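For reference, the structure discussed in these notes is given below.
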Amino acid sequence: GGKEPAAGSGPAAAAAIGASGLPDLGGRVIVAVTENAYTPLNFVDPKTGKAMGWEYDAVNEIARRLNAKVDWQLSSWDLMIQSVRDGQFDVGMDGITITDERKKQVDFSDPYMVSQQFMLVRADEKRFSDAAAFAADPKLLVGAQAGTTNFYVAVYEVLDGDEQNKRIKLFETFGATVQALIAGDVDMVLMDAASSKGYVGANPGKLKSVGGPLGTEEFGFIFPPGSDLVGPFNAALASMKADGTLDRLNTKWFFEYQP
Amino acid sequence: MTNGRRAARIAAGVPWWLVLLVGLGAIALGTALADASYRVIFGAVARGFGVTIGVALASYAASLALGLLLGLARSSRLRPLREASTFYIELVRGLPMLVILYYIAFVGAPALAEVLNGLLAPLIRAGAVKAFQARDFSFATRAGLALTLGYAAFIAEIFRAGIESVDKGQIEAAHALGLSHSQTMLRVVLPQAVKNVLPALANEFVAIIKDSALVSVLGVQDITQIGKVYAASTFKFFETYNVVAFFYLCMTVSLSMLVRALERRLKRENAR
Amino acid sequence: MNAFIRVVDAVKTFGDPERGGVRALDGVSLEVAKGEVVLVIGPSGSGKSTLLRAVNRLERLDSGGIWIGDDEVTARRADLRRIREDAGMVFQSFNLFSHMSVLDNVTLAPRLVRKASAAAAREAGRAILERVGLGDKLEAYPRQLSGGQQQRAAIARALAMSPKALLFDEPTSALDPEMIKEVLDVMTALADDGMTMMVVSHEMGFARAAADRVVFMDRGRIVEQGTPEELFASPREERTKEFLGHIL
Amino acid sequence: MTNGRRAARIAAGVPWWLVLLVGLGAIALGTALADASYRVIFGAVARGFGVTIGVALASYAASLALGLLLGLARSSRLRPLREASTFYIELVRGLPMLVILYYIAFVGAPALAEVLNGLLAPLIRAGAVKAFQARDFSFATRAGLALTLGYAAFIAEIFRAGIESVDKGQIEAAHALGLSHSQTMLRVVLPQAVKNVLPALANEFVAIIKDSALVSVLGVQDITQIGKVYAASTFKFFETYNVVAFFYLCMTVSLSMLVRALERRLKRENAR
Amino acid sequence: MNAFIRVVDAVKTFGDPERGGVRALDGVSLEVAKGEVVLVIGPSGSGKSTLLRAVNRLERLDSGGIWIGDDEVTARRADLRRIREDAGMVFQSFNLFSHMSVLDNVTLAPRLVRKASAAAAREAGRAILERVGLGDKLEAYPRQLSGGQQQRAAIARALAMSPKALLFDEPTSALDPEMIKEVLDVMTALADDGMTMMVVSHEMGFARAAADRVVFMDRGRIVEQGTPEELFASPREERTKEFLGHIL
C-alpha cells in the first residue's frame, strides 16, 4: 500500500478516516517479538503458562483490524533492538521507550503508552521520600538494568547525568535489582507503577513505593528501518485510541489483573 | 546372620554424600510441592526441561561429529590440515561461550544464509527453492549452532588426547602387518581412543547441559529463560532460582554418577 | 650363500647429527639365507632393534640398502604392503590389539590387507592359533591371557600373513621365567619348519637349540659373528668377551 | 649458508596457525585504531581489563588454596572428611556458574554479614567495631567469592587426579623408609602431583578468565559488562563485541601458548 | 640357630575369601639368622613379594606373627617407625623419588624420621653413595641415571637408615643384562659385610656367590629349602625340579 496520510497526526485525523478505512494487509503474517518478562505488558501467566499482557492484546487487535496474522516469537531484551533492526522480526515490543538514539537504529510507531517511573524502596526506609532527597545523600545507591529506561531515568532525572556514576549498581534483570534492594545492597529501584505493585505484593511487608512519578516516557513499537508496517500500525493505533480500546486495555491490565 | 552382614557391607559401600544430597533434594522437593507458589514455578520451569535437554543433546551430538573430524585433522600427518584445525580450536577455545553465542546469532546466521543462497543460486533462480533468510534460522537453532561450534573445539582436544594416549606399539604392530595409515587409524587407534576418552566425553555432556543455560540470552525458552520470565511475572526471584538449581542438579548429578560408574567399569576392565 | 635378506652398509642416525645425534646403525652389512635362523645380541642401545625395524621398513635408512628376496625394501617407492607380507614382526611388548579378541587380532590383517573373506580368515586363523597352542583361546581378549599366551598370539598374528621371514625383537624379555619356555618352544618349532628368522634375544637355551648363526652388535656395528658354539665358546674380540662375561 | 639453513629450520617450526592468528589480530587492531569509533570503544572496554584480570587472579589464587584443601580431603583416609568434600564438590560442579553467582550474591553475602555480626557481637555492642552490612561486600567481592567457591570444586578434582597419578611405588618407598603418612603426602606425593597437574591448573586459569565474563550479571564493570553497557547505549553492537572478543583472545590465547610450552617442557623433562 | 627375623605360620589372603580370594601366604614359617643371606625363589604369584612386604609391615597378616630382633612387627600397636628402621626395602622398580636429587633421596628419611641435621645427613649420604659407586652422581636426578645406577641409589637410600636387615624384591629384574652385574656386586659386598638379607631373585650367579640358603615357594607355601648347592643340584620335590628346569 501507499503512504498513509500523516501517521500520528492526532485523534482528529484518525477519527476522520474511521475503522473501516484502515489498510488491508491481505492476511499477511507479521512476525512479532517480545520477551515475556515485563508484567503486565508481556508475561507468562504463572497459573496457566499462557503468554499474555497488554502488548499481546494490543498487537493482536491491530493485526485483526489490518487483516493480518501474528506469528509471536521470543527474544531477550539484550537482542531485541538489534534483531529487529536486522530484519529478524517485523515488529518488536517490550515497553521500549522512544529515544532519539534508538530512532537512528529502528523505526518507531506512534507512542501507545505513557509510562512513569516510581521509586521502590524497603518498607522501613526513612532517609528519603523523594528524588531530591535521594540525590542529596551520597551514601544512597540505586539499582538499575543497563540500557533500560530505569537506568536513564536514574542518571538523568534523579542523579547528575553521569552514566558512570558510582551510585548506580547495574544488574541483569529486574528480579536481581529488587533482590539487591531487599538485601540492602541498594536503597532504591526505579520502576513503573504496575511492576512496583507486583513486587510490593510479592514481598509483603518488605517493600513500598514512595514519591511522585519521575521521567515520563513514551513506549512505541519498533520496526526495521523503512518498514512498510509503520503506517498501518499507526493508523490502527489511532483507531483503537479513538474507539476507547486502548483505555479498556489499560483498565484490564493495570487495574483488574491481579498477578 | 549372613544376610545382616551382607546388608552391612552394602551399606558401608554407599557414599554418604550421595545419601545426603538425595535426601536434601527429596526434602526440597517435598516442601516445594506442598507450597502452592512453588508448585506453580515447578510446573512452569519443567516446561523448559525439554528445551534444555533438546538443545544440549542436539549440540552435543553435532559437536561430537565435528570434534571427531577436528581431532583427526589435529593429529593428521598433513600439515595444512593440522594447522587449520589448530587455528580453529585455539580461536574458539579462547572465547567466552557468551561471546560466541552473540557472534553466531548476529554474524554467523546471516552469513550462513548468504552462503546457502550462493550454493543454491541456480535452484533459487529456477524457482525450485526459496532464497534463505537469516530469519529462517530460529534463535534456538543459532544457539545450538554456537554451542556446537564452541564445544567441538573442546571435544576435538579430547579426541586428540585419546588418539595420543593409544600406545605407539599398537600403531607399529598395525603397520608391521601391512595396514595402511587410514586402516590403522580406523580399526586400531580410534576404537581404543574412544574407549579411553569416554568418561571425558561424558563430562563434556554435563558441561554442555550447564552451558546451555547461556542460550537464555538469546531468549530461547530453556530452564534458565523460563525461570527468568517467571521470576519477572511472579516477582519471586529466589523461589524461582531454587527451582532452576534443583533441575540442573538433578540432571548433572545423576549424569556425573553415571560417568563415575563408567570410569570405574573401564578401570576394572583395563585392570583385568 | 643364497641370501634371502640382504642388508648392505646400512646407516641410520637419530636426531641432529651436528648436535650429538645417535648413530644407531653405523654401516651394517648382513645376509640371511632362506631358512636360516640368525640371533642378534649386543648391549642396550647397540642398534639391534633399529636393524630389525629397518628390515621391516618401520624405520628408514639414511644410506645403504636392504633387500628381501627380490624386493628392495629401501627403494623410494617400495610397495610397503608387499614388504610387510615378506617379513612379519613380533615385538617385545606383544602389542596385541587390546580391543579385539585373539581371533580378531589374527584375522584383521588378512581381511583388510589380503581382502580375505571373513570365513576364510577365521578358518586360517583358527588353524594358526591351534598351531601355537591357543586353540581354546580364540574368543579371549588379550588382557585375559598370560604374557606367554599373549606373545604366542602375537606370533600367530604375524604368521597369519604367511610371511617369508619373521623378525623377533626380544620376544621373551617381558615374560616371567616360567612363560619364556612356552614361547621359545613355539619359536623353535618354527625354526625347525624352515622359517627364515632374525631374532634379537639373550636366551642362551634358544641360541643353542635353534640358531644357525649369532651376530654380536655394539654401537651400531657388527663386531663379530659365527655359529653359537664358536661365538659363545671362543669369541675373538675383546668387546665380545666382555659382553658375554656379563650375560652368561 | 648455515645461517640460512638454521633460519629455515626455525621458520619450519613456527606454527602457521599462530602466525595467522597474530596476523589477523594485528590487522584487526590496526584497522580498529584507525577508525575513530573503534578507538573510542577500545578505550572504554580497556577500562574493564583491570577488573577482569583482578577478579580472575584473586578468585584463582583463592580457589587454588581451597581446592588443594578439598583435594587433600577428597583423598584422605578419614571417611567423614572424604565424604564431606565429595558432597561439596559434586554439589558445586553440578550447578551452572550463573546460578552459583546469584546465590552467593543474594543469599551468601547477607548470611556472611550476619555470621560475622554474630561472631563480633560483643565488640559491636561495645562500639569497637561497626556492624557489618551486606553492602560492605562489594559485588566484585561477591563475584570473586562465587568464582572461588565454584572453581575450588574443579581444582580439587584436578589435585585429586594429580595425587592419584603419583606412582603407588613412591608411597610404598616412603612408608618403607619410615616416613609418616603426612610426611609422605607433603614431601613425596604433593610435589610430584603438583608438577603433573600444572598444565591442568593453568588451563583452569584460562577458564576462569572466560567465566569471569559472568560477573557482568552482577554489574561488575569487567570487559563484558562495559561492552554490554556500551553496546546498549550506542547500538554499536558488532564493533563492541569485536573489541570484547579481541581482549579475551589476547588474554586466553597467550596464556594457552604458555600452557602448551609448559606441557612440552614437562614432557621433555619426564622423558629425559 | 639364633633367629633374627622370625616368621611364624604367616597367613595372608587378598580379596573376599568366600568368593575366590587369593591365599598369598598360606602358613609360612621361616627364620633368618643375623648375617644370613636368604634367597627366595618361586613362580610368579607364589607369594614371594607378599612375604617380604609382610616382614616390613607394608602388608598386614591375617594370622601368624613376625618378629625382627625383639620387635613384634605384627603387634597391633607396633612402632612402625622402629620396624622400618629394623628392615630396609629395595624394590624391583627402584621407586626413587623422582623430584629429588640422588643425595636428597638418600638424606630425606634420616632428616625426617631420625631428625638428623641437614649437614650430618648430607655427610652420611655422601659416604653411602660413595660406597655404592655413585660418588659422582650426588646432584643427578633419577631420570638422568641408568637403571643400574638407579637401583644402586635405591640401595643407598635404604642403607642410610642403617637397617639391621635388608629386603630385596627382584632388584635386578627391571635391568638390562649389563647393568645387573653392577647391582649384584653391590649386594654381594653387603652380604660379605655381614648384612642380614632376604632376597627375591632368580639370579643364579648371585645365589651361588652370596646366598647361605635358598627357599623355594609355591602357592603361598614354602615347598623346600636348603643351601644353593643342595637345592639346585638335587632338589627333593617334584615341583622344585620342574621349576628349576625352567629357569636354569
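Order of writing sets the chain letters: A, B, C, D and E. Residues in each chain are counted from 1.
Throughout what follows, contacts are C-beta pairs under 8 Å (C-beta built on N, C-alpha and C of every residue); 3 or more make two chains touch, one makes a residue touch a chain.
Not measured: the values here are computed from a predicted model.
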Those chains which touch chain D and also touch chain B: A
Chains contacting each of chain B and chain C, listed by label: none
Separation of mean Cα positions, chain E and chain D [Å, integer]: 47
Chain centre separation in whole Å, for chain E relative to chain C (CA means): 36
Mean-CA-position distance for chain E and chain A (Å): 83
Residues of chain E engaged with two or more neighbouring chains: none
Contacts with 2+ other chains: residues of chain A: 78, 82, 176, 179
Chain D, residues touching no fewer than two other chains: 102, 106, 237
In contact (per the touch rule at the top): chain pairs: A-B, A-D, B-C, B-D, C-E, D-E
Interfacial residue positions of chain B with respect to chain D in the complex: 15-18, 20-21, 79-80, 83-84, 86-87, 90-91, 93-99, 102-103, 106-107, 206, 210-211, 213-214, 224, 237-238, 241, 244-245, 248-249, 252-253, 256
Touch list for chain C against partner chain B, complex: 56, 58, 80-81, 84-85, 88-89, 91, 93, 95-99, 108-109, 112-113, 143-144, 154, 157-158, 161
In the complex with chain A, residue positions of chain D that touch it: 102, 105-106, 109-110, 133-135, 139, 216-219, 225, 228-229, 232-235, 237
Chain B-touching residues of chain A, taken from the complex the two chains share: 31, 35-39, 43-47, 49, 74-76, 78-79, 82-83, 86-89, 173-176, 178-179, 198-199, 201-203, 259
Residues of chain D defined as touching chain E within the complex: 167, 169-170, 172-180, 183, 187-188, 191-192, 195, 269-270, 272
